[in-house]
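Below is the structure I would like to discuss, written out as structure tokens.
Chain IDs A, B, C and D follow the sequence of writing; residue 1 opens each chain.
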Amino acid sequence: MSIKKHVKLGLSALALSVSLNSVAAEDPIKVGILHSLSGTMAISESTLKDTMLMLIEKQNAEGGVLGRQLEPVVVDPASNWPLFAEKARELLAKEKVDVIFGNWTSVSRKSVLPVVEELNGLLFYPVQYEGEESSENVFYTGAAPNQQAIPAVDYLMNEIGVERWVLAGTDYVYPRTTNKILETYLKDAGVSANDIMINYTPFGHSNWQSIVSDIKKFGSAGKKTAVVSTINGDANVPFYRELANQGIDAADIPVVAFSVGEQELSGIDTGPLVGHLAAWNYFMSVDSDANYDFIDAWVEHTGKEAAVTNDPMEAHYIGFNMYVEAVKKAGTTDVEAVKDAIIGVAVPNLTGGYATMMPNHHITKPVLIGEIQDNGQFSVVWETPSTVAGDAWSDFLPGSRDLISDWRKPMKCGNFNVVTGSCGGKAEVASN
Amino acid sequence: MSIFEQLTDREHVFEFLAPVQSPVDVRHGPILYLEDVSVSFDGFRAINNLNLTIDDGELRCIIGPNGAGKTTMMDIITGKTRPDTGSVWFGSRHNLLTMNEPDIATLGIGRKFQKPTVFEALTVFANLELAMAADKRIFPTLTAIMKAEYRDRIDEVLELIGLKDLRDRLAGILSHGQKQWLEIGMLLMQKPRLLLVDEPVAGMTEQEMDRTAELLTSLAGKQSVVVVEHDMGFVRSIARQVTVLHQGSVLAEGTMDQVSNDPEVIKVYLGEDA
Amino acid sequence: MGITGSLSRLLLVCLLLWPAMATAQVDDSEAQQLLTALAESSFAEKKTVVNRIAGSGDERARTWLEAFAANKLARIESTGQFVIVLSNRGRNWDVESATTGESLGEISRRDIDTIRVNNSLRNELESILSVIDLKSPDENSRLTAARALKGNVDDGLAQQLPDLIEAETASDVQLALTEALAIYRVEEQGDASAVAVLSGSLNSEARAALQNAARSDDPALAAAANKALESIEQKLKLNRAAETLYFGLSLGSVLVLAAIGLAITFGVMGVINMAHGELIMLGAYTTWGMQQLLPGQPGLALVLSIPAGFLVAALAGIAIERTVIQHLKGRPLETLLATFGVSLILQQLVRTVISPLNRTVITPDWMSGSVMINEALSLTLNRMYVIGFALVVFAGLMLIMRKTRLGLEVRAVTQNRAMARSMGIKATKVDILTFGLGSGVAGLAGVALSQITNVGPNLGQNYIIDSFMVVVFGGVGNLWGTLLAGLSLGTINQLLEPWAGAVLAKILVLVFIILFIQKRPRGLFPQKGRAAEG
Amino acid sequence: MWLTRPLQERSTQVFLGVLFAALVVVSALHLFMPEDSALYVSSYTVTLLGKYLCYALLAVAVDLVWGYLGILSLGHGAFFALGGYAMGMYLMRQIGDRGTYGDPILPDFMVFLNWQELPWYWHGFDMAWFAFIMVLLAPGLLALVFGFLAFRSRVTGVYLSIITQALTFALMLAFFRNEMGFGGNNGLTDFKDILGFDLRTDATRLGLFIATGIALAVGYVICRGIVTSKLGRVSVACRDAEARTRFLGYRVERVQLFVFVVSAMLAGVAGALYVPQVGIINPSEFSPLFSIEIVVWVALGGRATLYGAVIGAILVNYAKTVFTGIMPDAWLFALGGLFVLVTVFLPKGIAGLLQKRRKAETTEPTPAQEATA
């Protein structure tokens, strides 16, 4: 009988969805939220859903946009990549949302990309990523490698005097690309190949003993050594624990991480990690009123005094405000109009400056280096003098060196090759 | 000889023209022949240089107390268990120790288990169909069609084992006795040269026993039958030659009267106080 | 990095004025001025300020510097007053005056400017404090101080060291200081004679110094250094072998812990419990909960959560047994499906009730860090405890299964349910207890794992598959098999990892299991019984 | 003929009838209904249904080995994914120079990993016929080798299940490795067209949907053909009394191998049709949990009935779609609860319910009692 009940429920839901097809989404502005609420990525993504709900709530309280209220449409792609594509299609084709905020992993973005382009939707992607992509329908509010990795390496090289490098990462595209870029970058800076150690581990790798001891060995060669970590999510806790237990502290071998933020630290006993570094475009500890207000709002929204904020949340904050501004500027939610309007829009970020949407659909960000403190926060020890513009195509990869992206008319091209002068990136890589 | 000579030689018979005959070669000697067979399971000697010869067409009863190694012996003959030492020959051509269960079965050794095992999820008819002597390789089996003659043969057997009206029932719902019969029926479908029958009448009524008895005796002659049974009455009713197993080796052999008067046997059966 | 010249001056001060220092105190204006300098100067300048503070001989200097190193020295934006932060969590921080030491209560984050510190400064401070510690009465602190000096000695300090070594009473401290000096001599002065001291030393700084020396163009020095390095390498090889073995065992013990509970529920009862991982997770969360209940004493909490974790998981297991599994008697396969559903529910339950985020489980001091066998080989403590714990749990289980009435009944029931029933054994009761036991053990595994890896909703999933592999590899229903399987798989994995890499190693282990099962279709220790036939 | 035999039996006729009816109705509603009508079936729904049908075919394949052969494969996702990758590689090659880097031969992910030329195993996938053969061959061969080893050494029951799980787990880890040349974690995506038809057009979508429906029909008939043949009865015999079957002269291991390979190939086809419709294939399809889920579909629909598997697969995935939409935070409770309730209260699955209506004793071979697992 339970079956029957479920079937009935399902049928009614179908009926409901079918009827939704017919209703043209007119009055409210529909905002699709595409973040995993279950499965392995829920740990990172679920808070972003709450952030969006908070921002939308706030905007509605201020009277919405163009006098229209915003209506969030939340779905759960359940950390399942094909499901991401399916859900994106559902949001755009069935729910007829005006914009989507979502995705965390590169693979989920890649699986959603064709759908968003086909149905000409708008996607705001809030996480730092490997670059090498520029879509007319996607706005990358997270950091590109040149907004995170390269400044961090500069810091280590110039301020700390690091000469020997461990590039440790989880084996997927973001670390691969980042490390590839860094490798070229370091070699250009005169670091010899045997002063670079590259190591990849599977997702959720939990047994770091031998790798950490390798790092220890590598670090004991008489040159200042640092670890550049692109280790993802769950694998970090055991990694840092092992570091601490094998007695590697920040003084000997500092670890600079690109995927470890306040949220990840909230799951780690940070006592032994004090001094290890992270590079982001935002830290919860940033001393600015905008930030303090945001934190207050967030604590209020979650009802948890201990709730933390992190970089992707700021990215959504920026992205959402940019969308709102663009809609106001265009006077409509029509995708084409918004796409044109949003380029050049500048909104305040949480670090006391402004973020501007560039023609390549990436934004300008300051780069901050923070040291982990015992309270799970970062204290900023260095930051770029001015904001850095995101670079879709890295200058340190052979394939993309000659590519640029500019979505303004007349060029309107995501991978324009300055050498061949043609769009569609007919790169010379084919030959080499 | 060269192919030319072959062609000219009137006497020569080409392989593919040769008449098919049972592969088992019993022209000189017994159909089953066990010599000095021994096997032990972690220390315990189940079979202890056992020597046994079954002649073609013979009906042999094997008795013996529990743990005498009766079932183990059958396992060895059918290839389920490999003996540590000794040799087992089927006819004078086939060394059973080099073959696996399916080969031995197709060669013409059928076995009925102590505990009746039929395919409960299949119909009585299907059970017999599967047992039927036929090409049992994959694709022939896949493309096999139920020819009229097969159906008739199955029906014959159904008649014989008295399950005609349960033909299309699942074997699972049969009574214990009926399962015994079904399994005997499956044995018949196999058209084996040698039947190994383990406790055929366990859980059977008197008249069922009698029918089994006459069935087995009728089989003898065309086929060789080895019956392992506890029920002395039954054994007496069918036995010509009886072999007594004890502690994995032959204790006595002969007619029922001979063995039943054998002091050794009496000792074993009536216990030490005899 | 070396300590700037100022440090040695400071050291002189310390050495000369030490007794006097204890009482000296600069007046508040100067203190204010010193701290202001610290607050407003750049990282580079801060170094000198730090030394001035240390040199000032003020008794509060140490408190200031320690607070500063811990990022807890701050200034109130509005009043300009300097404070030391006592608790720096949440939006309002509890502070006390840096100068007077009186409490100022809670002040909003917005109004507090912490004086920023970075690694190199922290490094500097550590060395300064360690130099001060060189004179401390406590031998251990002297030893750590001396060890910290290795590779951190500079000219000024080098002149002081011989006297210190003279004065030093404890031999190991003396040794450490001598090495520290030798390292300095090799590095800075290229003194070949000092090499002898270092030969055979396993200290990484020493090795680093030698490696640099080996590259030097002074042939004598280079030769000596190379020789010394060789002898070191020999020792290192052994140590690395030992290390790998240890790694293997500790990984193995984790596998054993994770699998042993399954060996009972699955191996003995034949229940394919896909929720096993989630039971482990429950154990881990219990540990977290305990630490929440007893803030400030993680150690006690951890100890208490051993029985607690067992109980929680056991009860959860029994609940599963009563509500689901008992309806599936004789349908082991169905249990796989039902418990799979249960595991989904449990995971999402944790996500919604507690949080989708990982939880912090603090490692008590007596479990963190590592025991140093020698300077190249140190065994991490938490893993050592886990190994021990695994063995204890295993022994306990063996006892229960072999020696107790329950164990007897369990075996009876699993061999032949009907028979056992007829002999008056309450099969249902046995089922409940067995399943409870297995689940409880899973809970224990969770408690242990909380010290090694994430405590989060996905904890279970990461271990369920490995657990099944271990149980099957060991031979279903055989505890010894599970133990051996776990340890051997762990060791194999760790032996492979150095040259195959983490991913490939895991793949190879899996392939190995597949092939092994070909050879022994019933695992390491085949078991003749119901569960195996299953 | 064994393949035509099923067409005479009523259950198959009904199944095919319903299936084709569904295909026709959906296509009609999609093509001839105005966009705004309540009855209009959007291309989104069409693709969704297409996905369900792929899963249904996969479930049928699993039911064939589990229901009729008693082999509980917890690794069928591997065959599904292999078929998918074979198709994915073809689709990748079809992109040609339309990729971001515009490399005529190398797929994008290879370009930015600076691969100089195509790995040998990527050759030939630019030809549809080759790729389509591989869709069958890749899973088939894996099943052949694995099955040969396993069945020859008579690995049975839970041991077999666990090593199938090990198999798919190992493959998942392997495919995650970027060195493998299958795109690592990102897998293969951003496909442009198949056999010259643009994947983004509704027509192609509908075409794929119908193709999947037909594939399911064919697959179903093949399975039915096997299980109603004598071989089918033999495999049931193997399932319930392996030893006995041997003593009847059947080579059990060969029977198992044959059926296992057929099933693997069907799974491969399902995967191949799945990829162009969802637009991505990546190692997560190898994940053991997915394989377990497939088994759950079958159990839920009703083991050893084939049509039950179809019902189960479609129902569970439909439920997933609905729940993840209407109750994003709680859908796992619903799904988990569903599994528990069904296994406890419907031991024979949904098919069991339907069978109750049919006459009491049936010639349908259903598992005697759990011989496996």
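The definition used in the following text is that a residue touches a chain if its C-beta (ideal position, glycine included) is under 8 Å from a C-beta of that chain, and two chains touch if they have at least 3 such contacts.
Per UniProt, the chains are B = Urea transport system ATP-binding protein; C = Amino acid/amide ABC transporter membrane protein 1 (HAAT family); D = Amino acid/amide ABC transporter membrane protein 2 (HAAT family).
Here the structure is a predicted model, which is why all the values come from computation and not from measurement.
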Worksheet item: Based on CA centres, what chain would you say lies at the far end from chain A?
Response: B
Practice prompt. Decide which interface, A-D or B-D, involves more C-beta pairs in contact, and give its chain pair.
Written response: A-D
Worksheet item: Any idea how many Å lie between the Cα centroids of chain B and chain D?
Response: 44
Item to complete: Just give me the whole-number Å value for how far the CA centre of chain A lies from that of chain D.
Response: 34
Item to complete: Take the average of all CA coordinates in chain B, do the same for chain C, and state the distance between these two points in whole angstrom.
Response: 67
Discussion item. Can you compute the centre-to-centre distance for chain A and chain B, using the mean CA position of each chain? Integer Å is fine.
Written reply: 74
Worksheet item: If you look at chain D, which of its residues touch at least two other chains?
Response: 173, 176-177, 329, 332, 337-338, 342
Worksheet item: Of all the residues in chain A, which ones touch at least 2 other chains?
Response: 37-38, 171, 200, 202
Practice prompt. Kindly provide every pair of chains that touch.
Written response: A-C, A-D, B-D, C-D
Worksheet item: Which residues of chain C touch chain D in the complex?
Response: 272, 274, 324, 327-328, 330-334, 336-338, 340-345, 347-349, 352, 461, 465, 468-469, 472, 476, 503-504, 506-507, 510-511, 513-515, 517-519, 521-523, 532-534
Practice prompt. In the complex, go through chain D and note every residue touching chain A.
Written response: 36-40, 42-44, 47-48, 51, 97-106, 109, 111-114, 116, 173, 176-178, 184-187, 189-191, 200, 278-280, 282, 284, 315, 318-319, 321-322, 324-326, 328-329, 331-332, 334, 337-338, 341-342, 345-346, 350, 353
Response to the item:
Residue set of chain D touching chain C in the complex reads 72, 146, 149-150, 152-159, 162-163, 165-167, 169-170, 173-174, 176-177, 288-289, 292-293, 295-296, 299-300, 329-330, 332-333, 335-340, 342-344, 347, 369-370, 372-373
Worksheet item: Tell me, which parts of chain C touch chain A in their complex?
Response: 1, 43, 70-71, 88-91, 109-110, 113-114, 116-120, 122-123, 126, 204, 207-209, 211-212, 243-244, 247, 250-251, 254, 347-348, 351, 356-363, 368-370, 378, 380-383, 452-458, 461-462, 493-494, 497-498, 501-503, 506
Item to complete: Write out the stretch or stretches of chain D touching chain B in their complex.
Response: 1-2, 226, 229-231, 233-234, 236-237, 239-241, 243-252, 254-255, 258, 361, 363, 365-368
